[in-house]
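You will see two complexes here that share chain A, one where it goes with chain B and one where it goes with chain C.
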Partner chain A sequence: MINLFDLLIMPFADFAFMRRALIGSIALSIGACPIGVFLMLRRMSLVGDAMAHAILPGAALGYLFAGLSLGFMTAGGLIAGFIVALLAGLVTRITILKEDAALASFYLISLAGGVVLVSLRGSNVDVLHVLFGSVLALDDHTLLLLAIAASVSLLSLAVLFRPLVLECVDPSFLRTVSNSGSLSHYGFLALVVLNLVAGFHALGTLLSVGLMMVPAFAARFWSSTLDGMILFATLIGVLSSSLGIVISYHAGTPTGPTIILSAGAFYLLSILFGQKNGLILRLLPRKHLVA
Partner chain B sequence: MLRRLTLCMLLGLLNGAPSHAAEPVAVVASFSIVGDIVRNIGGDHVSVDTLVGPEEDAHVFDPAPRDAARIAAAKLVVMNGLGFEGWMDRLMKASGGMPKVAIASEGVISHSATIDGHESMDPHAWQDVSNVRIYARNIADALIQIDPEHDGLYRANLARFDGELIALDHDIRSAISAIPAERRKIVTTHDAFGYFARAYGIEMIAPQGISTEAEASAKDVARIIRQVKAEKIPAVFLENISDPRLVETIAAESGARIGGKLYSDALSREKEPAGTYIAMMQSNIRELTKALMP
Partner chain C sequence: MTKPRASFVQLKDVTLGYDRHPAVHHVSGCFEAGSLTAVIGPNGAGKSTLLKAIAGTLKPLDGTIVMGTDSPRLAYLPQLAELDRDFPISVEDLVGTGFWRKIGSFRRYSSNDRLLIDETLEKVGLVGFNKRLLGTLSGGQLQRVLFARLMVQDAEIILIDEPFAAIDTKTVSDLIGLVQHWHHEGRTIIAVLHDMSLVAEFFPDCLLLARECVAWGATSHILTPDHLAKARTMIEANDPHADTCERAA
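Presenting the complex of A and B:
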């Protein structure tokens, strides 16, 4: 018992930065994991990745402009993400390109433009460092930002819930009964951007996509209802964050990647042992119901 | 108006230039600190081109075609050695040129650093001023070999620069000796100060590995905070290349003072406090004194 206490609780009791890392990544899970479920159900799993690449140059520019400033980097990331989402939506509507192509084109342009702008300023190393985020160095302002992002995205999801669900299952029906479809679509993309930008301060843009998506995939094997999946995804997100931080503390592995690897472990376990379509259950002979 | 002014200044420069027609010797230096030493020895007789400029990180330098062209055009390439410029061999081959190569650190007693069980050579030998006296001699020898006509001048510059280095070394030692012995220890994000620590008796503890590539773990950070508290380390320093947020975390949690900027493996831009090697070392010792004096 004492051993388990030392292993799991002492690190957080001893060090404020561990508590901050825990709170920050829990806030991130609460905001991002439900978004991940919707992305998965709408077959937009890779959109998170594309958006992360689109955000990166904006945040890098914010950094070059004002140094390591939370405000500028957040604003830069949000603006770059929103612009790419809007332009991609526009191109999808008025040209023959499909959404995936439009989104891919704009994030690639954004990424390349960012790299060029950064290298014009000379050094690119410090930017790389900064873009990886640091869950071990969350200050009050960053924690506040993470909490705000989680709150905003939960409230907005509550408002957008019905149109989003409709769009997941039957987008053409949504279009016939209401014209809130595009509003909810852009609102949803804005939430994706918001969560990735928030996550970028803790984990870096690329890894924060991992915390958004991987728990959602794992949750698919535990529930077949939307509410259930959202609940499981958030739970798995919180668990893998806590586990990742604790493992990083004891094993000395870099914290951000360890969190995502923990989520990956949950995902693999879920594929095998999941209640819904898990491989093991499918291979076992089914019992007949006895009357 | 401005353009005319610039033109006038340029013309003035042309008029005032010494009349001997000798082209300056084209030298490429691998990074800013070596470049500054070459400039000190070569004076007007060499034109120094620096591959990794001020405020840039030579550990992860990504050569551009332009850099290969500079090397192809150069008579002499000066590098630090000790494994600092891992990219230089490939760049030399790619350039197709055959310049003479001088290893500035030749003859320096090198030290290795052990980080997380890996033993590797520590290339940051210039943090000990007595090593830079060897650098200067090596660079002067190389310049004399490719440009023997001006050997008197190079020798004179070497003598002057060597004198400045001796004075610098003396200044550092007297500044350190003014700090109480039990306060001569700091934490910095980059352990590029092994030679400095050894030469001048300041203990340096780093939260990250020897290269700026490693990402810190929660274990590392916790260990440093424990150590800062247990050994009562008075100050932690932000290094000019790594992620400063980690150092701020450590300082906030351990109660240590946050020191100013220490320059380790790149000079600052000219207008800033570490535009030359000597200015860099003076700036470092000023910051150390400020943070460590009770």
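Presenting the complex of A and C:
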């Protein structure tokens, strides 16, 4: 008989690195999933991807300077991300280019610049860590960084919440009553960058977007209110992280991708069985209501 | 509700436009405090542009716009296009954003504010719609919600841009009733409209715009065949080879 305790709890009871991985990825989910809901609702789902590419060269430069240093790689990633977000916003505001074009141009420049710089140094950098993370090797400092990032992200989101919602629904109205529109926009982009940078230590730059976005998409099928979506997204993020870590332990698969695959499974299940516009519910023969 | 102070809006040789091409050219005049004015004219006459400038979201290329009080409470309802109707926000939350000046990003609604939201929804004929999401409303219902928010804003100057486009007659007559009520309360109202019969029946004053001010005054004097014919011959805006304007400012 399969013992659920052995299957789900023992790996964490036995190994400290498993517990660290669990705590780290839960912190990431709590910080990143609410951000993902806003990105999705603002039709900016691909902005996370663009930002992840923008961050990569910064992190790689940090690595060139100081090796696998948490501080340098984090600072490099943050700076590269902020610069790209700011320049893209600036070009959107003062030229004819729309936001997607401006963002795409700068992340591509950043990415190409990063690759050139790395190759100029002539060192054979092992960027696998940056690309795919190392969720099973989180040390104390990294855990602390993930926890701080999640806390800062949640608190900032609470502060920005109202103007951010209004900036999404009715930007022209926000402009007539307040000038907090651009503050909330840039503040929000800064939170995207912060969460992606925190995420790359565990999941890598490319996959940390996955934990941010995929639970948000799944949550769309379980709630039609903003609060509900944020709750469901965070919950699905935490569940995917836990499940992914356990599965990767037993199946010997790389942990980061397994976490995102778990989120992907939740997403597919949500499309099928979701309470709000799930496919099964839509196909069931149900009589319409009177009003 | 406190009696709103009235405020005038004076245009002093105002030129508005985009990328140096004027859309509204050297317009002067005054929307008197407590007046109810319809802004009419052909498409591309600069009506919406004028409203944007008064609302403060577009900077004049030339001239100034002066208002009766230093920072008058101003409410602006642009055309529907800019609203994201798919965003999951409830009717009462959207109407509540009308309190922004009072509660900003952080303060709570008072119980009075909540009461006022309920009362206002009743006035626009949407009792019980509080928790409905924006995406479930019809076009007419959405316009009622936006009128409710205008009322919550309790503004001295109200700007509405084509509020009755694609809306059924029942809704139009309800909303016109609200506009008249605001007028009786002494608010200054400026509305961009296309329906001349509405203008003739309900709007005492009228500004006929065709990039320049064709005529401005009592509606009965403005809606003449001569004026309307003149408005139709307006010069096309945005001629790429236009010379710089040398008219004295």
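Keep in mind that, in the parts below, the second predicted complex is superposed on the first by the 277 of 291 C-alpha atoms of A that agree within 3 Å, B and C clash if a C-alpha of one lies under 4 Å from a C-alpha of the other, contacts with A are read in each partner's own complex, and residues count from 1 in each chain.
By definition in this document, a residue touches a chain if its C-beta (ideal position, glycine included) is under 8 Å from a C-beta of that chain, and two chains touch if they have at least 3 such contacts.
Keep in mind the model is a prediction, meaning the values are calculated, not measured.
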Partner chain(s) touched by A:Asp170 [first = chain B, second = chain C, both, neither]: second
First (chain B), second (chain C), both or neither touched by A:Ala16: first
Partner chain(s) touched by A:Leu226 [first = chain B, second = chain C, both, neither]: second
Contacts of A:Asp139 with chain B and chain C, given as first, second, both or neither: first
Which of chain B and chain C A:Thr95 touches, first, second, both or neither: neither
Chain B or chain C, by number of chain A residues touched: B
Which of chain B and chain C A:Ser182 touches, first, second, both or neither: neither
Partner chain in contact with A:Val159 - chain B first, chain C second, else both or neither: second
First (chain B), second (chain C), both or neither touched by A:Asn277: neither
Residues on chain A engaged by chain B in the complex (per definition of touch): 11, 14-18, 21, 68, 122-126, 129-130, 132, 134, 136-137, 139, 245, 248-258
Residue ranges of chain C in contact with chain A within the complex: 55-57, 74-76, 78, 82-84, 86-90, 94, 97, 100-101, 104-106, 133-134
Contacting residues of chain B [partner chain A, same complex]: 53, 55-57, 59-60, 62, 116, 212, 215-222, 225, 241-246, 248-249, 252-253
Complex interface listing, chain A residues touching chain C: 41, 159-163, 165-166, 168-173, 175-178, 180, 224-226, 229
